[in-house]
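I've put the structures underneath this note.
Each of the next two complexes has subunit A plus one more chain, namely subunit B in the first and subunit C in the second.
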Partner chain A sequence: MALNTRALGNVSVLDLQGRFDAHIAPAVIEWYGRLPTAQVVVNLAGVTFMDSSALAALTGGMKRCRQRGGDMRLYALQQPVQVIFELTRMYRAFEIFATEAEAVASFTR
Partner chain B sequence: MLPGCAQVPRRVTESTAAPTMLRGASKTEPSDLVVTDGSTAWPCSPAMVEVCMRTRQLQCEADLEQMTGQLVETQDQLLAMYDLSLTTRSHLGTGETLRHLAREVARLVYAQGAVLCVGPTLVQHPADLIDERLMSKYFQAAEQRREDLLLSAPHPSLPAGITNLCLLPIQIRGSIRGTLGLINREGGFTAPDLKLARAIAEQAGTHIEHAMLYQETLDQARLQTEMAVARKVQLQMLPQSRPSVPTLDIYAESRPALQVGGDFYDFVTEPDRPVMLLLGDVSGKGVSAAMIMSLIHAATRSAARFMPDATPASVLSRTNNDLYDDMTLLDAFTTAFVAQYEPKHGLMRYANAGHAPVIYRAPGGRAQLLEADGVPIGVLPISLSEDYTLDFPSGALLVVTTDGFSEARDPDGAMFGYERLLQLVDEFADQPAQVIAYGLYGAVDGFTAGQPQEDDQTLIVIRGIV
Partner chain C sequence: MRIAMVTPYPPSQGSLNEYAFHFIRFLRQKPEVSEIFILSDRLPDAATYPADTVAQPGLAPLHIVPCWRFGALDNALRIARTARALAPDMVLFNIQFASFGSSKPAAALGLLAPAMVRAAGLPAIVLLHNIMETVDLKSAGFGANPLVERLIRAFGAITTRVLLSADLLAVTIPRYVEILEHKYGATNVLLAPHGAFDEAPPPSFEPPPGPLQIMTFGKFGTYKKIEPLVAAFRLLLETRHDLELVIAGTDSPNAPGYLEGVRLANADLAGIRFTGYVAEEDVPRIFQDAGVVVFPYTSTTGSSGVLHQAGNYGRAVVLPRMGDLAELIAEEGYTGEFFEPDNPQSLAEALARLLDDPAQRRAMGTQNYLAACGLPMAEVVEWYILHAQNVLKIRNARRVARSRELVKR
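Up next, the complex of A and B:
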């Protein structure tokens, strides 16, 4: 699992690759503590598997951002991840987009 | 030749031949010998030769005595090392071993005291010999240099009262992870002292490795015992019997993946209330998931028992309200399924907070997944789950499992999946609830082919009966 972060203006982008599970979730939660902004976009294009620890880590990030007046938005969910979001109805809690441009632009709406 | 004896022939002109000449007196007269004393030489009289031989004999005796002393000392040290090895073996804990080694090494090297540092643990003998913070700095320096270090007064970094200090890095498990410090050897550390200290430091490394291994084994055994107790407690919190409902055949079981787990199920039966069943799966695994599970299990059960006119959706909503803040602090959520059976109308009312898989099979129909409508408990400040109703006559089947079934993997990494579960439910549909449950567990066990169970596997099977 690879974790990379970058900034697009006021938006922090988190790029994730591979299997997103209990092994990487603590690193993602730890990253929230260093967030310069409350506007976060998570790139899930490279994520092939996600377990409940990963979902909890994303939920924690979404809550932190909303508490600070921002939000965490997701984009490019692959089919296995999309299934998890549908079964758990997590798509009702997150704003999900197809592309990075749409996700980033959503903060300026 | 003994080292001390070699000095005497050098005083003879034909130094290397001299001992032979002295022994072969028949060929050479003693008066022919010339003894040098600086630049002056004179012929030796028999008396002088006698004196010379006597002096040499005394010198040899002194050398022999010195050598014997050294041999005795070396033997003592070897015995001491052997003794150290034997006695250290009887000390099992890391701290105890370090204290014993510090005491013994100080005694063997005739130092005033010794300090041993391994990781965060620092012990000294005698106690309070030197400031621990200061000693830690010396140890850091020695470990960075990766070689023995000898400091003698006057030295700017030595505190008052310390005349000499010997620092010896100790290799543990393949790298420098500790240091032995010897303090105040009267007369200074000699080469044999340092050689002995180095040997002890190396032996100490082995003893410390053994002690650490013992400690780890002990910790592991303690942890396993505690986990076994925790599992027992957790299993005690699950229902010890199934509710007796004349028109339902019920079976439930939970198999945690790691001793304790984050799954729970329960049945709530109160007088004059329809029976309610609860099943939840806390995100994550292990002890933290188990602790959160206890919290949410208690909250859900309490809501189901005491809320006026409780319905599955109202139980989930109340639980979400009660625990949302806690779940936020803990970075966790819980998927949950709650159902309520009304025998009078043959109906099963349910609400689903992000839980899957839930399988329903109408009599004579095909098994189908009942998808959730609400998000899991703890995700949003309000619950989005609503009540739904199923016909539940004789032959109807409801199978609620946790994702430990659907996400179980075979040796190649393939997941068990929902399709296999649905097929199995169709296959076993006419069997008693317990047989269906055993069938599901057996199928998953066969699929994983002995792979370690990755997630908790919990299920409730309910069949409508006449």
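Up next, the complex of A and C:
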């Protein structure tokens, strides 16, 4: 699993690749703790597997962002990840976009 | 958010009481929750629940409102009336098919409660721990006659449709979601993992010195039958004497007197101990003292809370080779030794494989501990809050749209 971070103006972007599971979830949670901004975009284009711990890491991150007046947006969910979001109906809790541009632009709506 | 939860709650011994205890423990800690009402069953022998708790820093106040009785026919009505009077923002149901009674009419009529609560104008989310389609009715003590079984299944399907009239229906196994979506065309079903009760520090994977304990935990007599386990224990005693069999728990509400019957039938057997009801504070010790935890199930009716507890305490487990449990193990990262259901010889062999191999017990306990750590109950509760907020958002949006429509007219 690869985890890269970058900044796009006021938005922090997290790029994830590979299996997003209980082994990587703590690193993602730790990353939230160090964030200078409450506006976060998570790129799931390269994620091939996601378990409930990973989903919990995302919901925890979203909550943290909202508590600080921001939000978390997701984009480019691949089919196996989409299935998890549908099974858990978490697609209702997150704002999900097809592209990074749409996800970032949503913060200025 | 003011939340009411319809559920048995300790000291009630109704099924899912322990799940409710842990769920509420974490629900109270959530800042979004301002007040909790537990709509629980009345206790027998005029026993009472602990007094309400007022708000404490970081904990929502908790009120226990006993308003229904296991086995009564009017539970749905009583629950709906009570919920309406309390007017919470959300009503959660922590139930399974036999939550409201052991007789078919009482069980079925009780399950009308979520629909009646919704009819009273309150939003409802049901956490359904089993579904009719996966219950082996014969083994669960219902439907000895095929015609009766078919009739029960038909009523089960009707009841499921009624339950699906809740705003959301949560189940703990992905396959249940698929079944409900395909068979009933449901669009309001979701997966909410069972969750781990305790965020305990890594346990000791070694049992204490003394006889090695084979332990089983639960409410026995319907689909949890201990006769094969006792028979397997007798087989093991033929070759080793350093063992103790611990039967921890009580009769299922559907099988009063079951454990006493087994105890009397095995009065000659040394090394067997019946603990009776295990109070919450004694649960850790019961699991920590066990060398192996056994699931003597003849059928499964849902995700097993006991398996998650065994995982929490890093215990090796022995399970029947059947439906839900095998699936749960595969999907949630647990591991165990398997035996053929209702087969004492097979169970004794599975137990012997673990009893003779401490390294394997440790490895299995470690893996189960890691699996149980996967998703703590605190996170599961967080998911329910998110879903509840969404339901309320949608309801509010509809209400606003209706008001605008009326103004336009």
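Heads up, the rule we're going with is that the second predicted complex is superposed on the first by the 109 of 109 C-alpha atoms of A that agree within 3 Å, B and C clash if a C-alpha of one lies under 4 Å from a C-alpha of the other, contacts with A are read in each partner's own complex, and residues count from 1 in each chain.
We take it that contacts are C-beta pairs under 8 Å (C-beta built on N, C-alpha and C of every residue); 3 or more make two chains touch, one makes a residue touch a chain.
No experiment lies behind these values; they were computed from the predicted model shown.
*Asks:* Look at where subunit B and subunit C land on subunit A after superposing the complexes, then choose clash or fit.
*Replies:* clash
*Asks:* With the two complexes superposed on chain A, say which partner A:Leu87 touches: subunit B (first), subunit C (second), both, or neither.
*Replies:* both
*Asks:* Should A:Val40 be classified as contacting the first partner (subunit B), the second (subunit C), both, or neither?
*Replies:* After superposing on A, A:Val40 lies clear of both subunit B and subunit C.
*Asks:* Spot which of subunit B and subunit C makes contact with more residues of subunit A, would you?
*Replies:* Partner with more touched residues of subunit A: B.
*Asks:* With both complexes superposed on chain A, which partner does A:Ala22 reach: first (subunit B), second (subunit C), both or neither?
*Replies:* A:Ala22 sits against subunit B and subunit C alike.
*Asks:* Between subunit B (first) and subunit C (second), which does A:Ala56 come into contact with in this model arrangement: first, second, both, or neither?
*Replies:* After superposing on A, A:Ala56 lies in contact with both subunit B and subunit C.
*Asks:* Considering only touches as defined above, state whether A:Met72 meets subunit B (first), subunit C (second), both or neither.
*Replies:* After superposing on A, A:Met72 lies clear of both subunit B and subunit C.
*Asks:* Based on the superposition described at the top, state which of 55-63, 271-279, 343-351 or 379-387 belonging to subunit C clashes with subunit B.
*Replies:* The segment of subunit C occupying space taken by subunit B is 379-387.
*Asks:* Same subunit A residues contacting subunit B and subunit C, which ones?
*Replies:* Correct list for subunit A: 22, 51-53, 56, 59-60, 63, 87-90, 92-93.
*Asks:* With touch defined as at the start, can you tell me which subunit B residues reach subunit A in the complex?
*Replies:* 281, 283-285, 328, 331-333, 335, 354-357, 371-376, 378-380, 384, 403, 407
*Asks:* Can you list the residues on subunit A that touch subunit C in the complex?
*Replies:* Per the touch definition, subunit A meets subunit C at residues 22, 51-53, 56, 59-60, 63, 87-90, 92-93.
*Asks:* In the complex of these two chains, what residues of subunit A are touching subunit B?
*Replies:* 22, 29, 51-53, 55-57, 59-60, 63, 86-90, 92-93
*Asks:* Give every residue of subunit C touching subunit A within the complex, in rising order.
*Replies:* 168, 174, 177, 190-193, 370, 373-375, 379, 382-383, 386-387, 390
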